[in-house]
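Please find the structures below.
Look for subunit A in each of the two complexes below; its partner is subunit B in the first and subunit C in the second.
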Partner chain A sequence: METIAVIIKDELGLHAKPAFRLAQLANSFKSELLIENNERKVNGKSVLEILTLSANKGSEIKLVITGEDEKNAADGLKKLLNDSLGEGNGK
Partner chain B sequence: MTALVKVMENNKNKTTAQDYKGIAASPGIAIGRVYILDRAKPCILRHAIADSHIENEIQRFNQALEKSKTQLMEIREKAKKDIGSNHLYMLDAHIMMLKDDTLVENTINFIGGQKVNAEWALKESLEGFLKKFENISDEYISGRKKDIEQVVYRILRNMIGHHLESLADLEEPVIIVAHDLTPSDTIQMKREKVLGFATDAGGKTSHTGIMASAFEIPAVVGLKNITEKAKNGDSIIVDGIDGSVILAPDADTFHLFLKKQQRFRYYEKELLKSKDLPAITKDGQRVKLMSNIEYSDEVDLAIRYGAEGVGLYRTEYLYINKDGLPTEEEHFLDYKKVAMRVKNSYSIIRTLDLGGDKFISESKTDKENNPALGLRGIRLCLNRIDIFKTQLRGILRASHYGRLKLMYPMISSVDELRDANQILEDVKGELKSKGIPFDSEIEVGAMIETPSASVITDLLSEEVDFFSIGTNDLIQYTLAMDRINEHVAYLYQPLHPAVLRMLKNIISSAEKTGIPVSICGMMGGDNIHTLILLGMGRIESISMDPHSIPKVKKFIRQIKYEDAVRVAHEILKLKSTDDVKKYLSEEIPRIYPEDMEEYNFSNKSMLSRKEDASELQIAG
Partner chain C sequence: MKITEILDADSIIADLKAEGKRDVISELAEPLVKSGKVRDKNKLLDALMERERLGSTGIGENVAIPHAKSNEIETIVATFGRSNSGINFDSLDQKPVYFIFLLIAPEKSAGIHLKTLARISKLLKNPLFRQDLMKAKNEKEIYEAISREDSKLI
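== the complex of A and B ==
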């Protein structure tokens, strides 16, 4: 299991565009991705569910990745998050 | 009889909660079940499936997903060329939503778990998401609801197997409840599957109203929010005589309306008995009663109802709901059919009058802010001479097979008439040089339906052989009211002094120049309006929806021309619509005490505001 914690920096929050990128990338891996925000957990491969998280600017979200390619997946997601979403500080 | 009246009165007090008032657009009583036609959303019904069908349903769902994806990819490809890659993001988002992990999984689980059809399962999954989105305060994210809906509706439509839900698919007879109906809805409709219409929008002269009349389907329009009140499968009564709709009627109400329905049908049958007699007043004034038609196949109905010919063939339907424009051959064959079926008289083919509440599907013309005042009628034809010429060739060629006249819509100047006639001459020349036969003496007329045309009829008369007054548009343009806007539908006042004066001017001026004038708007189908028009001067013919012909004929055969002249003369002195209505409601029953009861029954108008009279008639 890999986890990544992120604080959303974007003014618009975790809005449609980054949510799509996130889900798109998550779908390219075999591992499962759960995203948590305020105790809510959603399927990170579903862009619609990510949107329902309603993660605003400043929200702390946690990504939990489990599966055979979890290492790769975590690296990829971290990179995406660092590039476009906010501060990733993967543990 | 009195007992029945009492029941009705009692009932009237009971049923207020489910009784909705609208505008009576097509007479008759329809009793049946609600079918909501929702343009925006496909209408999905739940049905249970057997275990053995689960796999099949899932497969259907997957196929619809694939198909939707292909469609979106095609749109994306096209958009790439048209708008550049910057704006493709939204389409990418849609493509991704389409295959959304949770949406797909929920739907598949639902099909298997609940053993229901894939459409219903998808709809349930969609609603689950929409609910979650409703709780989101962030406007930006909750705004994505629309995107999800669009995507899901696309999948649903692909599963249902056609572009949009259509009236062609009705399996059992129903009463259509809709916001409004478009020509593409009604053109696919199977007449026998539709018992009645109830719509939120529209007035008597909206497309729904005109079509319902043409098909003899009871209709009430302008109900404002009936689509919110009615549910699929509810019992409903549409009273196209008094303009009301009753939802979930109780047993008493149901029986009363069943009686009213029988009385109405009997009354219609009685009227048809005089269909082969001429329309002539008691003191010998003769007028031709003709039919307005929307499709060439309607000619038979018109003749059955005693029409002497076709006073207005609206040709827009040849253009609507098809890919591409009609070919010359399609025009020709269609008009030829009309020409050959109308034997001892003639048919007037009106050239294309697109615009206003008619449209070409898939918006082949640019959107206009104010289509009623935009590029429509003759303006469009003079702008698209290719389209115009194709139709003119079709009409001319058909004129060889029966007597046809042709007529230009939306004329507002002499220049337009001259231009149109010049094009007609060019087309005649082309046909002649090719040796194609046509009626070289074909008569040409102008629709008088704009205020500008109506004040220069003396000038226009030098360019054409006849006039036909299109009262619907003339009223709309004279009173500056949009007749498809339900908020101003009440302003549609044929008895407004401005309208009456305008009509009088047109008729008098035509008389002076010796050019025949006809009526082809909805005013012609109304008894009282007919009386007024006849009283204004010499009218060659009155053209109306076929089903109105027997009623108007019976009426004309009972009145005196001299009364009509006097009434017309008197009302032209009055100052307001209300004054005119008041005068008529006193004067007409005084002159014709007996006939008016039947009139009240068959056609709700200003005179039947004396509601009790019409109920007595029903009960009696």
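== the complex of A and C ==
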């Protein structure tokens, strides 16, 4: 199991576009992705599920990745978060 | 905030006729133009299509949520359309889209926007509600299904 903690920096929060990118990348791996926010856990491969979190700017979310390619998935997701979603460029 | 506060009964289309993405979005924007909420339809369509260009709002699971901002409105407004044949929306999972919520937000509306997306997502991820939407015979029944399900949410 791999976990990634991240604080949402995007002014608009975890809105449709970053949620799409996150789910899109997650779907390219076999591992399961759970996203936690305020003790709610949702399937990170579903944009509908991610959007129900309503994670606004400043939210601390946790990604939990489990599966045979969890290391690769975690690396990929970390890169996505650092490159765009975490820095407010995911608009 | 309730969906019924931003979605009028006459902003629902039970059987979308258009097929291409832009035409579907245009069909969905029409009720807002008819009701006078938006006057410049072309500008609105351009904004919506620009957003699609940056990444499809076909978020998977047969759902699309095209959205844009407009300086013509002061509160967020929505229209809803159902496609009975399924629309190719370049979706995340490549599946055809049956349910489309079109959202237009005022220029400064970050918080409300996220909450609206969350509420719509909570509704649409429920398989029983999706069945109700598919079974509804007309606009009125779709509106009733949405109101009923929406009132169950906190």
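Assume the second predicted complex is superposed on the first by the 86 of 91 C-alpha atoms of A that agree within 3 Å, B and C clash if a C-alpha of one lies under 4 Å from a C-alpha of the other, contacts with A are read in each partner's own complex, and residues count from 1 in each chain.
Here, contacts are C-beta pairs under 8 Å (C-beta built on N, C-alpha and C of every residue); 3 or more make two chains touch, one makes a residue touch a chain.
Predicted model only: the values in this text are computed from it and were never measured.
Asks: Should A:E49 be classified as contacting the first partner (subunit B), the second (subunit C), both, or neither?
Replies: After superposition on chain A, A:E49 lies in contact with both partners, subunit B and subunit C.
Asks: So, A:L34: does it touch subunit B (first), subunit C (second), both, or neither?
Replies: It touches nothing on subunit B or subunit C.
Asks: Should A:A5 be classified as contacting the first partner (subunit B), the second (subunit C), both, or neither?
Replies: neither
Asks: Tell me which partner A:L80 touches in the superposition: subunit B (first), subunit C (second), both or neither.
Replies: Neither: A:L80 stays clear of subunit B and subunit C.
Asks: What residues on subunit A does subunit C touch that subunit B touches too?
Replies: Residues 12-13, 15-17, 20, 23-24, 27, 46-49, 51-52, 54, 56 of subunit A touch both subunit B and subunit C.
Asks: Quick one: which bits of subunit C touch subunit A in the complex? Just the residue numbers, please.
Replies: 54-57, 59-61, 63, 65, 67, 92-93, 110-111, 113-115, 117-118, 120-122, 124-125
Asks: With touch defined as at the start, can you tell me which subunit A residues reach subunit B in the complex?
Replies: 12-13, 15-17, 20, 23-24, 27, 42-43, 45-49, 51-52, 54, 56
Asks: Any idea which subunit A residues touch subunit C in the complex?
Replies: 11-17, 19-21, 23-24, 27, 46-49, 51-57
Asks: For a test of understanding, state which residues of subunit B touch subunit A in their complex under the given definition.
Replies: 89, 92-93, 96-97, 100-103, 129, 132-133, 136-138, 140-141, 144, 147-148
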